[in-house]
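You will see subunit A twice below: alongside subunit B first, and alongside subunit C after that.
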Partner chain A sequence: MTTLGQRLSSKTKAGAGVYLRAIFLLLAVLPVAGGLLYGLAYSFGLTGALSTGFTLQHWQQVWSSGALLSSLAYSLYIGLVAIALATAAALFLALYFQRSLRSGSLSYFLYLPLTIPAMVMGFLVFQLFTKSGLFSRVVYGLGWIDNLQGFPSLVHDTLGFGIILAHVLMAMPFLTLLFHAIYREQNLEQLQEVSANLGAGKSYFVRHIAIPTLLKTAAPNLLLYFIFILGSYEIPLLIGSQQHQMVSVLAVQKFQRFNLLDIPQGYAISVAFTLFVLLLLSISFKKLQRHA
Partner chain B sequence: MLRRILTAILITAILLPFLFFGVLSVGQAWFYPSILPQRFTLSNWQELLVGQSELQLSLLLSLLLGMGVAILATLAGFVISKEIARAKYKNRWLLLAYWPFVLSPVVLAILVQRFFLLTGMSGEVIGVLLGQFILAFPFAVIFFQSFWTYEILQMEQQSQTLGASAVYTLQQVLLPLAKPLLLICFFQTFLISWFEYGLTQFIGLGKIKTLTILVFKYVNEANIFHAALASLLLMLPPALLLWLNKKFVFRGI
Partner chain C sequence: MLTIQNLHKAYQTHTVLDQVSLELPQGQVLAVLGRSGCGKTTLLKALAGLLTLDAGSINWAGESMDAVPSREREMVYLFQEPLLFPHLSVFENLAYGLRVRKEAEAQVQQKVVQMLQELELQEHAQKKPSHLSGGQRQRVAFGRAIIFLPRVLLLDEPFASLDAQSRASMQRLFLRLARKYNITALFVTHEVKEALLVGDRFAYMAAGKLQVYTSKDAFIADPQTGVRDELAFWSALEQQTTYQP
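And then the complex of A and B:
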């Protein structure tokens, strides 16, 4: 190829690159950024059916009602408890069933729960744990309760037991497979042999080498899963309580009411949640990179 | 011994949703405190085979949407991820790709719904397809970063230095190397669409009845037998694919 040809080729490549990056911005960034700006404008009264010019009224209403803060706190509580329980259970499974996960029956079966979507998991937990659900019937059959009222409220409850359980059941198989993959990639089996040769017991290896390595390597995935739970919609919609709402449910509810004045509040909640998630993501990733 | 008992309990728990929904999908009445439904029938399943039933149409629509989203996201993700991988500030670009991916789909739907209303795509299949694509595309871009390694980019350059055209390099070098990842990405973006509810409900205005929308509708109507059948239809195709391709599809998550 001649020098001129090479120049032309590199220019064409550079030109195509600009277009491709523009397409990326258009498809991945613009929807969020544009939506965020529109949501901000709507929540400040700058646009929309009942727009009257710039106002902080909708933000003040959201703030003073305490709905946003309480739903954010409730979402954080659900997210933290669910991810902590799922991580603990997954660590146990990944470490206790090493062989079975590598080549035994679990190496096949543990993939099956990954095919259950959130909506179906919510429905499943409802049908299993509601007062008239399968477990209530089994307990009744065993003679432990006299009627269905004797079964505890595990769904639509204020503590969010049902929501947490559904998320733990969804996260556990994924995290187990993730920890198992990290265990192999980090050659922890060989490290265990080395630590045993040096006189460390199995529990010492698990507590001081295996668990810290698995948690540190999986930290970005755990963070992303936590954020996924924070914004979950289907599960709290199906089995959440009326008193406490997760952020996504609260935001959508504002849009589904017939009062047009609720819509700017819905936008304010969505914008606030988006900014919160983006902030959490940037801070956490910076910290994770620093520790890596 | 304890390990075997625990494994058996775990496998039973894993299979429970499939068995439970399987039994409910052929049930007709399930009064407390019976463990099993009072009557069994295949009529719910027969609805699937009868033309134009709600379930059948919903299954086809979900399949079409899933395939459409998967094809578009995989192709666009493959092409554009290369540009991102070569970018000077690669990590910054990737952080941008995480934006729509980490947001709750329903919150994203709230934020972008004005665009869909203005373009008349709200309540239309094309609108839902585009909405789901906005979720699946950044995933594909992030996913293919593991493919565009220094070695692959060097190999591409070497092929072109030896006189191969860009198309030839793509066909004979890059695509054969990327084939396994392309299939995995196709499968996973298909699942993003297949499992999606919040965004589909919000942008589709409830008119685009995918299987997840039907599950919620049946649950709301307290029609647990149809809800169980729709749930099974959601779970079985990916479960079968996973079973067949386990080693291939989820190799090194």
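And then the complex of A and C:
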């Protein structure tokens, strides 16, 4: 190729790079940034049907009521417990059912729950664990409880059992397949041979090599799934407690109330939650990069 | 003394090990020369307990190893790839076998520091394997295998993936540490020069059969080993260079 040709080619490549970046900004960054700015403006009274000009009143109301902090704490609790249980179960399946996962027999059982939407999973848990649900009737049939009301509150309960269970059922298949893929990609099967040859039993290998390798490699995905649970809406709306609300449920309630003056508070909650998630992401990814 | 008698292994109709027998005194290195697919890896893996045999027996100092599982056999197989534990530092990779054996922390520290010096990797102790070169990784894998002084070290073309310079340096390191720690080893290679360099005893493997030679001269004299061809090539080249006008 001539020098002129090479110059033209590099210019064309640079031009294509600029266009691609512009398209990325237009499709991915602009809607999110626009939404965030609109929410921020709404929460400060700068826009909206009942806008009265800049005010901190809506933010003050959100902070003083304590609803945001308590729902954030509740969301963190649900997210942490659900991701911890799902991770533990997925690790167990990925480490001790390697052969079934490889042959595909277990994989079919894992792909099926992946196709179930969150709303359907919420209904499923409701049908199974409500006081008049399937498990309650089975337990009653076995004579373990005197009447259906004797069945413990596992749905709409304050500890969030139903929400956690629904999220664990949704996350577990995904995490199992993720860990299985990492197991193969990180060559853990051969590393287990090496470990055994150096004198270690399977449990030593699992504790000291397999689990740390899987968790470290999957950490960004686990973090993103945790954030997905934090912001989940359908499941806590269907089977969540009346006393404790997760952040998304609280925000949507503010938006949908008849009192239009509550809408800026809904935006304030959404913006605060978004900023919290961004902060969590930036701290976590910095830490992950440092330990990489 | 390592004693192997009539080892046999077949995959369906294909025989990979055919009545393999040998005796190797403690502290000696048996260099096994052979082409790809001749059964060298199968032999080493069977000795390490990573493969089950169809027939034959493996003894160490008169004690049968046949029923001893890989993790208790103390016959360490060194893979062609370093296969270091990716999330552990160089120090912890070296310490792995010692920690498995629940050695006291002071002992672990002392042995690993000494091994780091032997391997000339002191300044890399806290690095992760991904931050090392291929040669450095192979050195760590070698150190990790010998640090707890196994009965037998089984090396499967361990330096094959290295460049010529790193390879020569690793061969020198192997020889030095093999002498120092009185290592009993089977060193499999497809390179004639490497076999001659590292071996105290010599064997040639082809189609699952192992022929052990009584001396280095007998090994060199056997045409199937290819040593004479190699020597002829180099002397012809030397003559060409010497008599060039």
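Here is the rule we go by: the second predicted complex is superposed on the first by the 272 of 292 C-alpha atoms of A that agree within 3 Å, B and C clash if a C-alpha of one lies under 4 Å from a C-alpha of the other, contacts with A are read in each partner's own complex, and residues count from 1 in each chain.
Note that a residue touches a chain if its C-beta (ideal position, glycine included) is under 8 Å from a C-beta of that chain, and two chains touch if they have at least 3 such contacts.
Treat the numbers as computed from the prediction; the structure is a model and nothing was measured.
Student: Following superposition onto subunit A, is the placement of subunit B relative to subunit C best described as a clash or a fit?
Tutor: Aligned on subunit A, subunit C fits beside subunit B.
Student: Using the superposition on chain A described above, determine whether A:G201 touches subunit B (first), subunit C (second), both, or neither.
Tutor: In the superposed model, A:G201 contacts subunit C only, not subunit B.
Student: Per the contact definition in the header, classify A:S282: touching subunit B only (first), subunit C only (second), both, or neither.
Tutor: In the superposition, A:S282 touches subunit B alone.
Student: Name the contact category of A:A73: first (subunit B only), second (subunit C only), both, or neither.
Tutor: A:A73: touches no partner chain.
Student: With both complexes overlaid on chain A, does A:F228 touch subunit B (first), subunit C (second), both or neither?
Tutor: After superposing on A, A:F228 lies in contact with subunit B but is clear of subunit C.
Student: Touching A:P212 in the superposition: subunit B (first), subunit C (second), both, neither?
Tutor: After superposition on chain A, A:P212 lies in contact with subunit C alone.
Student: Quick one: classify A:L124 as touching subunit B (first), subunit C (second), both or neither.
Tutor: Only subunit B; A:L124 stays clear of subunit C.
Student: Now for A:Y140: first (subunit B), second (subunit C), both, or neither, which partner does it touch?
Tutor: First partner only, subunit B.
Student: Return first, second, both or neither, reflecting whether A:L191 touches subunit B, subunit C, both chains, or no partner chain.
Tutor: second
Student: Could you tell me how near the closest CA atoms of subunit B and subunit C get once both structures are overlaid on the shared chain, in Å?
Tutor: 20
Student: Subunit A residues touched by both subunit B and subunit C?
Tutor: none
Student: Taking the touch rule as given, give the residues of subunit A at its contact with subunit C in the complex, in rising order.
Tutor: These residues of subunit A touch subunit C: 186-187, 190-191, 193-201, 204, 209, 212-213, 216.
Student: Considering the complex alone, what residue numbers of subunit A touch subunit B?
Tutor: 17, 20-21, 23-25, 27-29, 31-36, 38-39, 93, 96-97, 100, 104-120, 123-124, 126-128, 132, 134, 136-138, 140-141, 148, 173, 177-178, 181, 185, 224, 227-228, 230-234, 237-238, 247-248, 251-252, 255, 266-267, 270-271, 273-274, 277-278, 281-282, 285
Student: Under the stated contact criterion, what part of subunit B meets subunit A in this complex?
Tutor: Result: residues 3, 6-7, 10-11, 14-15, 17-18, 20-21, 24, 32-35, 76, 79-80, 83-84, 86-87, 93, 95-100, 102-108, 110-112, 114-115, 133-134, 137-138, 141, 194-195, 197-198, 202, 212, 215-216, 219, 224, 227, 231, 234-236, 238-239, 242-243, 246, 250, 252-253 of subunit B touch subunit A.
Student: Subunit A touches which residues of subunit C in the complex?
Tutor: It comes out as residues 48-50, 69-72, 74, 76-77, 79, 83, 85-88, 96-97, 100-101, 144-145, 148.
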